[in-house]
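In the two complexes below, chain A is the common chain; its partner is chain B in one and chain C in the other.
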Partner chain A sequence: MGSRASTLLREEEIEEIKKETGFSHSQITRLYSRFTSLDKGENGTLSREDFQRIPELAINPLGDRIINAFFPEGEDQVNFRGFMRTLAHFRPIEDNEKNKNPPTSEPLNSRTNKLLFAFRLYDLDRDDKISRDELLQVLRMMVGVNISDEQLGSIADRTIQEADTNGDNSISFSEFIKVLEKVDVEQKMSIRFLH
Partner chain B sequence: MSLEEEIKEIRRSGSNKDLDAAPEFEMSDIFYFARRGVESIMDDEVTKRFSAEELESWNLLTRSNHNFHYISLRLTVLWGLGLLIRYGILLPLRVTLAFTGVGLLVFLTSIVGLFPNGRMKNFMSEKVHLMCYRICVRALTAIITYHDSENKPKNGGICVANHTSPIDVIILASDGCYAMVGQIHGGLMGVIQRSMVKACPHIWFERSEVKDRHLVAKRLSDHVEDKSKLPILIFPEGTCINNTSVMMFKKGSFEIRATVYPVAIKYDPRFGDAFWNSSKFGMVNYLLRMMSSWAIVCSVWYLPPMSREEGEDAVQFANRVKAAIARQGGLVDLLWDGGLKRGKVKDTFKEEQQKLYSKMLVGTQEDRSPVTNGPGIVRTAGL
Partner chain C sequence: CETNILYFFPMTRGNRTLTPEEEEDSQQHHNNTKAFPVLSFNFEHVRKPFEISLWILLALLMKLGFHLIPRVSHIVPESCLLIVVGLLVGGVIKALDSDASDTNSSVPVLNTKLFFLYLLPPIILDAGYFLPIRHFTENLGTILMFAVVGTLWNAFFIGGMMYGVCQIEAAQLGDVDLLSCLLFGSIISAVDPVAVLAVFEEIHINELLYILVFGESLLNDAVTVVLYHLFEEFSHAGTVTITDAFLGVICFFVVSLGGVMIGLIYGIVGAFTSRFTLHSRVIEPLFVFLYSYMAYLSAEVFHLSGIMSLIACGVAMRPYVEANISHKSYTTIKYFMKMWSSVSETLIFIFLGVSTVAGPHVWNWTFVIFTVILCLVSRVLGVVGLTFIINKFRIVKLTKKDQFIVAYGGLRGAIAFSLGFLLTDTHMKTMFLTAIITVIFFTVFVQGMTIRPLVELLAVKKKKETKRSINEEIHTQFLDHLLTGIEDVCGHYGHHHWKDKLNRFNKTYVKKCLISGERSTEPQLISFYNKMELRQAMMLVESGSLAVLPSLTSMQNIQPRDTVKQRVIPSISKRREEEIRKMLRSNLQKTRQRLRSYSRHDLMMDPFEEDLSEVKFRKQRVEMGRRVRLTETHLNVHNSLSFKGMLHCFY
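Here is the complex of A and B:
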């Protein structure tokens, strides 16, 4: 009868997550319900296999990179806090937030942090630079077998040429931000909740 | 919006360049895949179909209370009372009925089997089957409402229905006589199957024969051609789904030339959830849960018969029937394969996405350098 109680979310935890991520109370409980339904092992954490079981994610060409974004360096399990912290990047930026007291640290769903999420999808070895090789690998994931090595190589070269301003033949995070300065990041990297 | 439209929109917002002379690749393209990926992590259409539906208000069964927490003393007392009634009174009664029903089925069908083939035998077989299934229905306290009985399946036809649990069979078979299709099992199930087939022809396959699609198709065709034989009952989803949606229908039954009688079955989850989550519960556990619920309440709709039209292939026909069943039962019509409950999604779907995106990168140029590491050039005309 009470065996589920230990895995339930306590009010204090919900408050902490609310402060950290900005999600509302009902959004947090709904996502918790989602988290537990994905957690087949029922041990309070998700593994990479738990994510791969979602068909729509499995057919996403960058599915593995996105799954990887949830796991901190070297770890194979992610708990609910980590899950929410990553999802928070996709919270829409509300207008009234800009008027509130400015938070002590940058919110997880700021434009910069959304761009950082995308940057890290490209940056395979997490060295804060996108090398030509890394760009090629990610491109290869997105196009599969449909484009030749030569063509893909020239696409990568052109991209780096356009973005690289300090001549080190790789794209740093600030160069990345510059390239995308006109893109509507706030809208394109946000997911609206239905309630 | 399609992949192409969405990526174009992202590019448009970030660039003043003319889109027809658009660059082949933009770093912002990744936003599309990232967002779609995280959206599916937050919620997806498929994984939730393989676990029991969540109720809006609690029906006093612990099993349907996913977020259990103490609400009030009165509720707990009610729950305790319910527990007593369900396990102390209802369950023993139902188990007795179940044993009676199954026992009679085995015994009486064996007796009917001794008679020579003919009208007398068919008549008695019908009566015996109906009676025993009706006892089993009582054993589950299933309260069934049949709609549109004028469309009931006739001999020489194939009855298809959405699948939620093995109980579906009992529910349909207590209102009409069908020829069952399935794999021969060992144990008690096998005993029941072997005695049923003595009274009237059912189609049981050996495990080895199940893989042979031509053999299966042939036996089904032969059966429907014999108009004296009962309509075949088939569940084209191939697995149990949680009764909120209808998933992909396997095309095998729709390739045979026969009239299809679609049937929609919708359970009311408030009295007891009939969904069999076979990865979580075994058969015996499942039956016990069924027999200790309040009741199994469901509606059955007999839909008007459908036939394959000119120029329609089996898959299109299957989808048409599926849509009709989904509409009637108030279920979500999904294209996803129920096999995803256990297996991985096929790589071809990911390859399709990659193909679509590649088209955007290299456009519609005809003279491209040959692919050096793939199976061949992707011709946009063929996409």
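Here is the complex of A and C:
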């Protein structure tokens, strides 16, 4: 909703965020205080530098990609709404949500949307496929510098060979979902936000 | 009698063994004594080991026998059958005994020392070493709640209600005081790991439920130990003060944390020792067993929780030891642990049956019936109540089905019996023992037999049978990093944050100390991948499946191709190569192996269960030989290339 000078969060905005993301009132206020503590420039938005100031994120192998995931296409600033929208993917799935009001579109924290978020972190060029190179990049980030290219290459080949069902030598989103069907994504990709 | 069967001469000089000169001497002097027996019978000399071996042999033959009768073993869990066998054997021994005029019965009873020192540790070690760590740590909070709070609730509820029952005039139980009841409650309240393992192993339930019930049965040992000693002290002293209760709480923390600490220390020392076993591969498995057993015994010395110590030792040791030891040692450890734990379990159940027949019994209808009912009621109430609280904190909630299985799986077993056996001899002791045995029989027979059809009926999720694919491994690691990052963004120090910190600490400091050679810097992904390739190599030999050939190609890629530039570390060491080659070669010479589908007592999973006929097999052996030679030449070619490359860079 654009930048604002004041740091107070208006009630209507809380309601809107609640409806869009499903967070509770107290969770939203708590995350808002975190947002403002990160926002050193005090202009109501976060830039990439604000994220990079978080120390643990700097040593995370996927740090850069995670930061990029918060920023919408081509923009350099993210406001609180965007911040919450990204975090909404990690809300635990609740059973009673299905009963309350049947959502017209799928909620942000459904299993498919969680997997889509993770998929987009692999697939940087947004062509809906994880190519061998994209996979190699991620592997290289995760294992460090001491492993030779050939070994990583064979791991990547093996990975694609296992997952690829339509023979295009890359992993599509549906293949990605299929490979992870045994993994408990609902638990793995959820953060217990304190009430 | 002390005759030594090694000597053919009758002993003429008391019990001293004779030197050759003396023997000749005595022979000359006592030529008129009876002629030397060529064949003599002396049983006492070997009595103890003979009996032990006979028991074990009997137990194992029984196990064999069950699987020859297919229908029975499908309906009745093995533990029940073993108890029945024990009852029969006990009956036979008792019948034989009552014929002889022997006053002291020679029926072997489940001696407490035998149980706690020899029969229980192998089972716990086997369970702890192969504990699924990820599931365990993810559900640790839930497990601890059930173990600590659940057991406490059970103990006090059963103890209190039994006291109430004893007050009823008609039951003639007036002499049972509150403390004795509470002591009884604390003995009977603990879920038993042996019984749970025996029953749950056969129904292949999903990992979450398995780890909940099993983890609870392991961790409640600390609670049981503390409560038991507490109430035993109190029942002698007669009164309880607030200080005593407070000390009891402190004792609980000391017992559990102390046990874990001892286990960790022995585990780290064991891991460190395994770093230097490069040249004595044969004794590597022994280190694992001995350090773990010492951890258990050391904890028992201080009355700390031996079970928790054993588990902590196995868990701490495992990742480092497995990185250090050879493949053969790993197989040996696995095999021996499964073997020992299987034998122990069998013996425990048989002895349980025998002890039931042997021991003196005091049957009091009211006491026994109420005990059984109260056990069930308190278990159900405890589980339901605790789940209600726990679900507020869990991401994936426990459903009603889960709760039912957890409640129904609360089996009692031999630990309760042994603890009861330790009680001081009073009239109440025999009554308690009878009630304990009845509860054990009830849970093992009724609940054990009905849990399988109930699991089918409720359509509870079963365990997934396949091992993790490389995709799952990569993506779960990816998600771990992602979630850690998101937690950091939120400023929320949750599960992932601490796990990441622990991993980092492990990688920078601990691994360097405890793992030998270059494997200390190997990332987890690479070791997983190598393990998978080794497994594939073995499966290639076993099943001769052509589809696996591509991975063999990829294996050939793992060669240091050019070493012109100084590479930091070659991608696969010569040692690993040798191992792969040796394994391929040795497996060719093995006779055909029948691999069965996964169960706790088997080693390998084989999804390609095929019935090879002899002709087909022989053809494949020829084919295998050709392929191995092909692989060898490829490896050799690359080796020679790399060797040449290395020489090149030295000029």
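In this section, the second predicted complex is superposed on the first by the 190 of 195 C-alpha atoms of A that agree within 3 Å, B and C clash if a C-alpha of one lies under 4 Å from a C-alpha of the other, contacts with A are read in each partner's own complex, and residues count from 1 in each chain.
Definition applied: contacts are C-beta pairs under 8 Å (C-beta built on N, C-alpha and C of every residue); 3 or more make two chains touch, one makes a residue touch a chain.
Values in this document were obtained by computation on a predicted structure and should not be read as measured data.
Superposition of the two structures on chain A shows chain C clashing with chain B.
In the superposed model, A:Arg53 makes contact with chain B only, not with chain C.
In the superposed pair of complexes, A:Ile66 makes contact with chain B and with chain C alike. Of the two partner chains placed around the shared chain by superposition, chain B and chain C are both touched by A:Leu87. Residues common to the contacts of chain A with chain B and with chain C across the two structures: 31, 34, 37, 51, 54, 56-57, 59-63, 66, 87, 90, 118, 121-122, 138-139, 142-148, 150-151, 155, 158-159, 163, 179-180, 182-185, 188-191. On the chain C side of its complex with chain A, the touching residues are 138, 393, 395-397, 464, 466, 469-472, 474-479, 481-492, 494-497, 500, 504, 521, 523, 525-526, 529, 550-551, 554-555, 557-561, 567-572. Per the touch definition, chain A reaches chain B in the complex via residues 1-2, 4-5, 8, 31, 33-34, 37-38, 51-63, 66, 87, 90, 117-118, 121-122, 138-139, 142-151, 155, 158-159, 163, 176, 179-180, 182-185, 188-191.
Those residues of chain A lying in contact with chain C across their complex are 31, 34, 37, 51, 54, 56-57, 59-63, 66, 70, 87, 90, 92, 95, 118, 121-122, 138-139, 142-148, 150-151, 153-155, 157-159, 161-163, 179-180, 182-194. Of all the residues in chain B, the ones that touch chain A in their complex are 10, 13-16, 23-25, 27-48, 51, 62, 66-69, 336, 340, 344-345, 349-355, 357-359, 361-362, 368-375, 378.
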